[in-house]
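My structure is below; once you've seen it, I'll send some questions.
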Amino acid sequence: MLRVEHVDAGYGDVQVLWDVSFKVDAGEFAVLVGANGAGKSTIMKTISNLVQPSRGEIWFEETRLNGIPPNRIIDLGIAHVPEGRQLFPEMTVRENLELGSLTARAKSHRKQSMEWVMELFPRLRERQKQLAGTLSGGEQQMCAIARGLMSRPKMVLFDEPSLGLSPLLTQDIFRLTHQIHQEGLTILMVEQNVKQTLTICDRAYVLTNGKIVMEGKGRELLENQEVKEAFLGI
Amino acid sequence: MKFFETRHLTKHFGGLTAVNDINFEVEKGEIYGLIGPNGSGKTTLFNLITGYHPSSSGEILFQGQPIHRLSTWKICKLGIGRTFQIAKPLRRMTVLENVMTSAFNRAPKKSEAMEKAMEVLEFCELASKKDNSAKGLTIGDRKRLEIARALATAPELLLLDETMAGLTPQEQTAGAELIRKIRDSGITIIIVEHIMHVIMNICDRLLCINYGQEIARGTPAEVANNQAVIEAYLGKE
Amino acid sequence: MKLPRWSTLVSIVVLLLFPLLVPSDYYRHIFIIALMWVVIGSSWNLLAGFTGQVSFGHAIFFGTGAYTAGLCASKLGISAWWGMLLGGPVALLVGCVIGWICFRLRGPYFALATIAIGEIFRLVATDWRSLTEGMEGILIIQTFRSKIPYYYLALFLAGACVFVIDRIMQSKWGYYFIAIREDQDSAEAIGISSFRYKSLSLMVSSFFTGLAGALYMNYMAFIDPHVVFALHDISIMAILVGIIGGVGTLWGPPAGAFIMVLLQETFRSSFFGLLPSWVSESHVLVFGLLVIFVIRFMANGLVGDWPKIQQLWSRSKQTLPANGGN
Amino acid sequence: MEVLVQTLVSGILIGGIYALIGLGMTLIMGVMKIINLAHGQLMMVAMYVTYVLFEHFQLDPYFSLLIAMPTLFVIGALIQKYLLNPLIKVESILPENQVLMTVGIGMVLTEIVRFLFHSDYRSVKTPYSTAAIYIQGISFNVPMIVAFGIAVLLSAALFFFLLKTDLGKSVRATAQNKDAAIIMGINAEWITILTYGLGSALVAAAGTLLLPIFYLFPDIGGPFTLKAFVITMLGGMGSTVGAIVGGVVLGIAESLGATYISMALKDAVAMVIFVLVLIFLPGGLKTLTKI
Amino acid sequence: EETIKVGIILPLTGGQAAFGEIEKNSFELALEEINAAGGINGKKLELLFEDDTGKPEVARSAAEKLINKDKVVMLGGGYGSSETFAIAGVAQQNRIPFLINTGSADKITEQKWDYVFRLNQPVSDYSLGLETFLASVVQPKTAAILFEDSAFGSGGAKTFQETCDRMGIKVVLSEGYSKGGMDFKPLLVKVKEANPDLIYMISYVMDAALLMTQSMELRIMPKLFVGGGAGFTLPEFSKNAGKAAEMVFSATLWYQTLPYPGAMEYYEKFVKKFGKDTEYHGAEAYSAAYVIADTLKRTKSMDPKDVRDALAATDMKTVFGPVKFVTDGKKINQNKLPTYLVQWSNGKLELVWPKDVASKAYVYPIEWEKVWK
């Protein structure tokens, strides 16, 4: 469904990604793991075209993503739940969600989508009038995920959804991403919470210094000695 | 007189209590680790120590002197250096100029500052990049520069905020080595790091906080086996 | 960033000999004005380009210096030349107060506050007739009939200003100023009192700008609040001088000053009468277009983007294949 | 007593015009964080549009709103697209480059107008220019009341636009978090163009409504740019209600200052208020009223 | 063919350009006539116009250029007082005669500068015509003075204050304002409360119109409104103020119906040629051109010293009145002319005082309620 082929990318004169290739099949739950600053978020941003690759190609289904303006990516069915939530802090939860459904397709289903995400996250229904900036971290993350889902995507990019969340909330988020996956969405997730992520994912890629150094089934990698050393501190 | 201590240190951001009644002390010459989940208040704690944020209540004592009312630059002058979690190099200066700017803290003459800066760059193994512009550095070098900048102010206490995040395992080992070397040169260190094998290896003592509150303290081994820490931070094995 | 030594030398020699080689008082006058702008532009650049505090209110210091000199003559009955001694310190004092008020503001808010304070100075100077004579202005008699003393005085002031700024920028202060510009938080963390060093930068800047004002009073022999406290003609002109030449460079503002003054005069006089008069009627238009062009295509000014310009030049000569990188 | 009441009344009424000027600025400063030093000059251009329509086509200024506003929308949009947006991508030492660009734009607008119309003073004299209503000896200037009404209407419309429509929400979203807005499918660049255009159209309304009671020459813009800042900072950036409140507060402050301090210092009063607000209430009145 | 060059410095851009243009047109009108009539003893007169943009240092540059580069034999023009002063300084320094035709701050001719001559009245004289009118007709007890805080405005206010003191008129309010105000009501309510017999205003045209319309709106009804020249005499004033301009008096330096030879012809020629009205500024410029031509015809040589002497010896009649440079108190080389009082009546400016030159009888007392109906 998503193919990233030999991509180099970076910010200005700083190159961050080096010849990155990987793929995500339809219906799959794929995970990127790697240290801070390894370039995981940069990969996500490159897929969303927020960062332009200087080399290589990215394909989504039959569409070549290179050169498409970043704001058109969502039309193709890719939703990006960015690192650090990136909510619109001075707008209400409801408004944030509405802004998730600006594409023509999503707009026509706005009511149903709203119902759907409120079912998924009952907490958001309670807080729909609250300004997003005043939500607790966990609630903010829920709001960000829900906002992503409002576009009725085929695939969701989750960038560290458990960032800054208490273990309890982290559990919630994992349960929810799992549930969304069960509902048929393709997921590409970046997580620091390596162990837990590797446990639930179908496929995983390990990123070090902007290069994919390893790939495999989640559980296989969990057993891998290098991974254990690098990410689990064992 | 304790080398460094905090007493009932608390910080509120509006309704949020980012640091809540933290008491800890650091002995001269040790490496003191500060761990805790994201958002638990570690960076905020550093920001309180360095006067970047005023504390809501509590005291901070450095070599017996209360410093919690001082401004950031005075605290630096007293001998507390820090790095930023998100590196803040002086972007349009070269590496050498960056470090020289810090070195002026103790060496008002330009030639002295240059000497001191070169010394620090050698120490941090950045000397070969001294004429590179800071904005073009790789992640690893940026982190090193961040340390070099703090070191060049000739601190007695150095606060390191995730200086090894984003480094490869080998670089991490080298980084840990560097930190040890810094300590051996007589500088006391408080370090925040998420990379467990580094923390476990180099720290003499650890404090683990969550939601701004202490949940455990002690030697690395003690903390690593503490049930609360495992639940909140390390995860269940 | 640095001009080669020989071109510095050449320009010094040329400037020293200029009034002797060019007998026309007209060109001497233009150069005196340009040298005055070298002082103002360089001073502004010290604060804005090197220290990162973009002032939209340098007319405050210029006007203060000019009025110090003017009031020496009109109120104290002593020579306005005392202004050349007092103008700098008085402007510096004003700078201290303004720094104390404005340095708690960052970025654009600082800029807006300086605009506002500049306007307050202008309006108060206009209304406080018992002190300033209001818009009737202050009038003195020029001391010298010849332009040459004024020329060398302006040259000395410009030279001193550029020299002092160069020395400062080579010293600890310079490193500190740039550190504050690049990242104020980061600067604080390495022991730099951003407030103190911003104030120092402002003090030097206001000192020289004040002297330029005092020189203006003595040379032009007439001032009124709308002339010396002007937002557009002084404060914004100072910025344009810096921007066109190149902020954050030593030689940018001097280059900018000469370019601006000469261009303005050239256009104002329709290329010395060679072109039809509508050219002179649209000289401000041309000037505005130039500003837009420079900001759009040479964001760091002529001196700041000189390498880029040279590169473009050599590339167009050698017709190398265009290389995507910039 | 009459002095006080009349002072307040004229302050409030002039506040309506100020509000219109501030409304455009609050959008431009609040959304794009651009300090727009060409704001007054855009207003001046709108006034000339209105003037030409009146002189050559005998169009009533109130009707010209329908032409002046779209015209300025287009001018503003072009400025944003070709002059301001490209600057975002260039790295320069001072982030203030955009501000300086607007200085250049202001100069060019003024000089183009001067080229076309010379520096002559112009005005639009309508039968209602000097009409006034008297209540107990206190005069209420009719065109100012109309301007006030339109200010309230336009700010209500803007309020509705920003709060209730998807497009308006996109404008706010872009202001609050540009990257996230792009991820949501918002064409942020286009939104900035739209916003600068709208801001220009709003200040066009101010100019057009001001013309019947004021006059016009190419240099008229400058002072209004400064007023626009004061109003916007006073009301709080990006706040439509703030623009109205800020405009009225400024109008009253100036009037009281003129009556009880000195007419010559009324602008200084405005500037002092401005500096005080910057320092002690950096968020403007918005921080108190929360809208 | 050789020409005789004279430099003229005027504000052709900037805020005062409107007047600069009237003056430039008048100079050109006169120049055409002079050259058509044979020029300067057979040689053509050439006027080099320079723009001072309303800034003194630019005015100085312009003067330097004309003198040093273009080698003009004398200078003319000088509109704003600050610019005029700057030019005068350069002229004096270079020993080049300068004939001022508009810049009116008193001190310009009080510098003992022997190369600087002024054709127009200084600002302190503007209200002389008014003074006799007040003394013999109105005899007001109280007055309010409103003035723009420019050199012109505050200088005029100062001398009018002195006039009032001399005549025993109590000045109940004297306040400056900065040019370009939108709302004068806060100032005018104070005036209304002070209720003076006379309101004297020194303003440029747009402020003048606003002051009057807003006075009408606030129903301020003194015995008379008087403008101190400048804005109150321009056609735009009545065009903008409409019926609020009616019955307003103004001091003026000149009026086309004055019995000066050619005054009316000048006015008509100007209107015909440029399709615009002209007023005293234009007359000043037009006359200055003739004084320049006359001087250059009489001069022994084109040496500046000779030109200066010829200029000093001027004694001629112009459309602006007789020109003869005298010493007047502290002033030297100052032309001495009377000033007049005009009144707006049915949208037309009428010369009403002194009586012997009046084009129409003054209307006084005035019933404002009727006028403003």
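The first chain written gets the first letter, and so on, giving A, B, C, D and E; residue counts start at 1 in each chain.
One rule holds for everything that comes next: a residue touches a chain if its C-beta (ideal position, glycine included) is under 8 Å from a C-beta of that chain, and two chains touch if they have at least 3 such contacts.
This one's a predicted model, so the numbers in the text were calculated from it and none came from an experiment.
Counting only chains that touch, the fewest steps needed to get from chain C to chain E is 1.
With every chain reduced to the mean of its CA atoms, the largest distance from chain A is reached by E.
With centres taken as mean Cα positions, chain C sits 52 Å from chain A. Chain B and chain D, compared by their mean Cα positions, are separated by 48 Å. Chain A and chain B have Cα centroids separated by 31 Å. Along chain C, residues 123, 126-127, 281, 284 each make contact with two or more other chains. Under the contact definition stated at the top, the residues of chain B that touch 2 or more other chains are 92. Annotation for chain E: residues 13, 149, 176, 178 touch two or more other chains. Counting only pairs that meet the touch rule, the chains in contact are A-B, A-D, B-C, C-D, C-E, D-E. Every residue of chain C that touches chain D in the complex is listed here, in rising order: 48-49, 52, 54, 101, 104-105, 107-109, 111-113, 115-117, 119-120, 123-124, 126-127, 181, 231-232, 236, 239-240, 243, 247-248, 281-282, 284-285, 287-289, 291-292, 295-296, 299-300, 304. By the touch rule above, chain D contacts chain A in their complex via residues 91, 166, 169-170, 172-173, 176-177, 179-188.
On the chain C side of its complex with chain B, the touching residues are 170-172, 175-176, 178-179, 182-183, 185-194. Listed in rising order, the residues of chain C touching chain E in the complex are 24-27, 29-30, 33, 123, 126-127, 129, 134-137, 139, 141-142, 145, 216, 220-222, 224, 226-227, 233, 265, 268-269, 272-273, 277, 280-281, 283-284.
Chain contact summary for the complex, chain E toward chain D: residues 13-18, 20-21, 149, 175-178, 180-187, 189-190, 192-193, 205-206, 209-210, 213, 216-219, 236, 239-240, 242, 244.
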